[in-house]
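Two complexes come next, and they have one chain in common, chain A, joined by chain B in the first and chain C in the second.
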Partner chain A sequence: MSEITSSAAPPLPAPAEKLKFYGLWVGAAIALLLLPKIFSSGGSLTTFSLIGISIIFALSYNILLGQTGMLSFGHAVYYGLGGFLVIHAINIIGANKLPMPLPIVPLIGGLTGLLFAVLLGWVSTKRSGTAFAMISLGVAELIASSALILRTFFGGEAGISANRTKLLRVFDWNFGPQIQIYYLIAAWTVIAVIAMYALTRTPLGRMCNAVRDNPERVQFVGYDPHVVRYLAFCFSGFFAGIAGALAAINFEIANSAYLGAVQSGTVLFATYIGGVGFFIGPIVGAIFVTFLSLGLSDLTPVWQLYFGLIFIAVVVFAPGGITGLLMMHRPLLKAGTLPRVLPSYLIALVPTLAMIAGLALSIETIVHFTVSPGDDSHIKAFGVSFDAASPYIWAMAAILLIGGFLVARRTWTWVGHAWDHATSTAREKGIAA
Partner chain B sequence: MLELIVISTLNGVLFGMLLFLMASGLTVIFSMLGVLNFAHASFYMLGAFFGFQISRWFGFWPALLIAPLLAGAIGAGVERFGLRRVHRNGHVAELLFTFGLAFVIEEIVQIIWGKSPVDFRIPPVLDFSAFTIFSTNYPAYKMFMLLVSIAIFAALLIVLKKTRIGLIVQAALTHPHMVGHLGHNVGRIFMLVFGVGTALAAVAGVIAGPALVTQANMAGLLGPILFVVVVVGGLGSLPGAFVASLLIGLVQTFAVSMNGSLSGAFGPLSPDYASTWLADIWSVTIAQIAPIMPYVLLVLILIFRPMGLLGTRET
Partner chain C sequence: MSAAIELRGVEKSFGNVAIIRNINLSVAQGERHALIGPNGAGKSTTFNLISGYMAPSSGSVLLRGQIISGLPPYQINRRGLSRSFQVTNVFANMSVWENLRCAVLWATGHRYAFWKNIDNLPEVRDRTAQILADINLTERRDVPAGLLTYAEQRALEIGITVAGGADVILLDEPTAGMSHHETEHAVALIRRLTEGRTLLIVEHDMSVVFGLADRISVLVYGQIIASGTPEEIRGNPKVKEAYLGEEAA
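Let's turn to the complex of A and B:
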């Protein structure tokens, strides 16, 4: 009997673990509070705001993909509708002088997302798997195309704008400067992250995992997988609406791009690259992808191509995403066998980097000749200047690409051997890998 | 009125057959490999752009042959070196792989051919009007498109139903392991099916390229409609894909040619509502909502028949 209870419910956490757990949250909140003191430039504040929005959006997406196993291609619908409603709400509140301060306005966006998820979710979640993915795509196209028809509400191509400073003031903040918006977004990010983490610990969150892993068994236990999927969908829509609302407040505008396929694709990229298997994955992904899209666009004109290639590489080589890759090493770290793998990593890194450099060099050279063939052939990409017309550069690109690939393939098998050795040692020590 | 019906029916059947050229490959690939190829419309776009480039160098007729072969070879390579690797990571990873592929192909096409439409023209041999009905000249090229798609449809039907290869493909659809036990190389069959499926999409691209607009966003525009076709027809059902292709082709063409709106039927809205969102709905014409018709159809089908028109599987 005691065996059953101990396997059914995890043991209560020890005080030390509890302290670690709450310490982590408090530490994160303090870090968010101090961040603008360290990086106080306008550009970095904008970046942090974007990251906060992106974190909420990616986590809300992971309620579907990671927790419930539903791949959605149309999550931006709830994000965008939340944004549009909030812009309208700010305009109405501002015009009628309603007693509603800006910090609680994102809740309107969340409720909008929830409302539309309630309306559209029941039909969408009837089926799971590939059919759900296609249905979400169809529904997203339906909403995005309708937005262009209903011009008075959605503002057509130009979108609609609002002035966020005209609302009721709290603590004498008018939310004009970016720093105040940063704190608003940071506060909402903390609230939303805690709420979504708590959601994963509820019975509903657990049932979502069960539906993801084995829907048939869920039916036998007496739950309807459709209802569980629907509830997860509604929660997901709610948090996506909050993210959209914060984005609309940040930019003071909402347009049809908010609802579009690009937005849905970006959140999918961020979530998957970060890793869907762990709660922290989408947070890592949101930070990584935001920095990547801001950083790469300065370095090369075809950054979206690299973005797509990175995504494909993650899907093929690291289906667990960045966090999945890191978490793989935890048992090795515990067993103390990690140092055995590291040398092989270093050896494999050299040819792999050479291959990537060769690939980037070839892409940039080709881009030069197809996009701007008449221009000066001395181009600069990733901060490196080179002559795209020189045969030496072509030869170097080819050698790096092909030679790097051949050597890298060999070295990664070594990594595989070292990895197997290290994990089997860890397993002998009784640490599950 | 009769003129409108005849011309729209012709155009609708034509668009439907083009859709089916793509949907058939997509359906067979889905049934066999269990993965919905998100990049299928990208191969249609590759077909159009390869066709454009080759017809510039060698003329339209070689392009009609070489472009699909090229796109099919790329498709087979994608299956062999990409999808087969990803397969062990599960269906979601496979779908995401093709999603990333569609993204990358669009970027590459933009880099090579630019964002604006390319000048892909109807070959001069076919640039005349085939016949005149009700004072409308019907272009010969459209008849040619119709004939090509019907010919491929017939060939596909014969190969699948009457030949040994078709038999093996049909068997591999339902019992891939059994086919493997009988000594057939299932991996190679999968690769060939993927190659042929993408080549069919590329044929559609080559023949549709001159008639429609050959542009880097053509895959993004057509892709979602294609997925609506396979879901409405029933995932994995070839006859279902055929019916749904024609249905959506006809619905969209008829909708485009109709100018009616609520204000036309019931008179203009009272000026009190002129600046509200009701005015948008009131004055929008059927032609304007044509782009969303397939999605409305999708939602209706999902409510009333979740497994699709001729589908049998629930998931």
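Let's turn to the complex of A and C:
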């Protein structure tokens, strides 16, 4: 290493830091191993399995959106095709007793996703921005509608199913019980997350960021942005295919919903809410959205409406997503000024929650009178029973919503002041915000 | 020996409007050549035509004797021609270090590699560190490029341009908008970084042009009206009339 390198280049990670870094991965793997010991019910195992699938899918999506700056409205195509191929593969392997155990079957899904990304990606990645988004939407609609037309392959409305237990056994596991599927998904999640993280640390991964920031300039440092986007797209398709394969194995069925706009929307949603600017963002988003969709659907019939509201709130108020919001506090934590903003958060929380409660009450009341006005007006939402026909409830909703907003607006200003104060102190201490 | 850059009868029109009208220009290897002319004369368009940002309507551009007009920018860059931009054009969300590293990757042969760890490439590190030190931004290494001061961004712009090791460098108004003091720094930097390379520079500051250039070409209304040493240009009546005006008198 030359003298200039040692003085000008960023220091290579010290052994202690490397240890910490690898320790984090090992720790995560151990946590996944022990998780079923703590939460052993069938329901929680299913939830964890869905989260694992969702993490892989969201991270694969972020290779496009966060890393390379491509907004796709049709990422479910590669997820769904991976799922369908895997169901067919399981059936073929099972019927012919081929020597292929279930744990390596997700690779078939990945290769399917890769193959279709290779085929469909070249044209759509020619441009980024609106052109890419529109083409992705068109391709998605095309594939999703063919799923209903090409019945022999996609199985029409009903989809196609398979029996995952008929394959070659490894360690005497037949992958019938959910716990075995959980471990299969957990293992693939760890592998896929590590692989996708490693990808960001390669020359291609860095050039993806450069293409995202400034595709024009990339051309003048020797790179063809089209090729960079195309390769990112292929990787993204590969990992989406793995996620789809795991979903198909988990449910033992693949149907047209796998490929549809809702699936494409959900992954965009999870990735964005988690935060596209950080590698960990989509992981956070996948966990949050999976829990939210499972939890909310029990609490209210119009849970998708709340989903949409949350999405809008994130886009407007926290474009960095949950992770971005948390990361904003890092300089304050370092400077020790975090305690200065926390009280203002607590104060703001009370009227904000009141406002949200008023909003939820209004929504549920309106939904009752628009969707099923003839039914009994005593309804239950979020575990709370109330009479949607009662003027007192309407008044309460209005007071909570409007009053909450008026008070909350003032407390938000306080939060802003406390924030400015805390960050400027942090900056004085030489910690960049 | 063929010229580093040669333009033969290059023309460029947008619709019916001819921006570049039959330019013939030759820049010898190792020469520092300045392209001057009033606003709207077509200097930046000429740069765009040479660097592949646009294709000429007719005529051809040659790099070391080989035709490059019609090639995309990245292929021209790979052949050893690199340009900067008049309006700073960097990777705003990436750190200074990452900006320079991106400019080094292709030239060090790593291309689209997705099987190599970026932190494990010593020659990339060495070259990036060298350029970082050359442009005096070591202190600002980890700052996102978008947060640099204007003069620092201009230095980074030049750094990205030369980092790949291209031996033909095109700089589009590198000192535009700089203070007198900053300009002096920038000129010293340009002199140092383009040592032994061919330089074609567009510049408005006449002290920079006459101090730096071996030869000067004057572009007016899409045509080169004179080409020669600084002395010849200074004494050329056509240039005085068309461009320098009273300034030179």
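Basically, the second predicted complex is superposed on the first by the 423 of 433 C-alpha atoms of A that agree within 3 Å, B and C clash if a C-alpha of one lies under 4 Å from a C-alpha of the other, contacts with A are read in each partner's own complex, and residues count from 1 in each chain.
Operating definition for what follows: a residue touches a chain if its C-beta (ideal position, glycine included) is under 8 Å from a C-beta of that chain, and two chains touch if they have at least 3 such contacts.
Here the structure is a predicted model, which is why all the values come from computation and not from measurement.
Chemist: In the overlaid three-chain picture, which partner chain does A:F291 touch, first (chain B) or second (chain C), both, or neither?
Modeler: neither
Chemist: If you stack the two complexes on chain A, which partner ends up touching A:A261: first (chain B), second (chain C), both, or neither?
Modeler: Touch status of A:A261: first partner only.
Chemist: With both complexes overlaid on chain A, does A:F220 touch chain B (first), chain C (second), both or neither?
Modeler: second
Chemist: Scan A:F382 for contacts with chain B and chain C and give back first, second, both or neither.
Modeler: So A:F382 meets neither chain B nor chain C here.
Chemist: After superposition on the shared chain, which partner residues are touched by A:F153: those of chain B (first), chain C (second), both, or neither?
Modeler: Only chain B is touched by A:F153; chain C is not.
Chemist: Would you sort A:N209 into first (chain B), second (chain C), both or neither based on which partner it touches?
Modeler: second
Chemist: Just checking: does A:I366 make contact with chain B only, chain C only, both, or neither of them? Give me first, second, both or neither.
Modeler: Touch status of A:I366: first partner only.
Chemist: List the residues on chain A that touch chain B in their complex, please.
Modeler: 65, 69, 71, 73, 123-124, 126-131, 133-135, 137-139, 141-142, 145-146, 149-153, 261, 265, 268, 272, 302, 304-305, 307-309, 311-312, 315-316, 319, 366-367, 370-371
Chemist: Help me check something: in the complex, which residues belonging to chain C touch chain A?
Modeler: Listed in rising order, the residues of chain C that touch chain A are 51-52, 72-74, 77-78, 82-83, 85, 89-94, 97-98, 101-103, 105-107, 110-119, 121-122, 125-126, 128-130, 132-133, 138, 141-143, 160-161, 163-164.
Chemist: In the complex formed with chain C, which residues of chain A make contact?
Modeler: Its residues touching chain C are 1-2, 4-5, 7-10, 12-13, 198-199, 201-207, 209-210, 212-214, 216-224, 227-228, 231, 235, 432.
Chemist: Using the touch rule from the top, collect the residues of chain B that touch chain A in their complex.
Modeler: 30, 35-36, 82, 85-86, 89-93, 95-97, 99-101, 103-104, 107-108, 111-112, 114, 220, 224, 227-228, 230-231, 235, 275-277, 279-281, 284, 288-289, 291-292, 294-296, 298-299, 302-303, 306, 314-315
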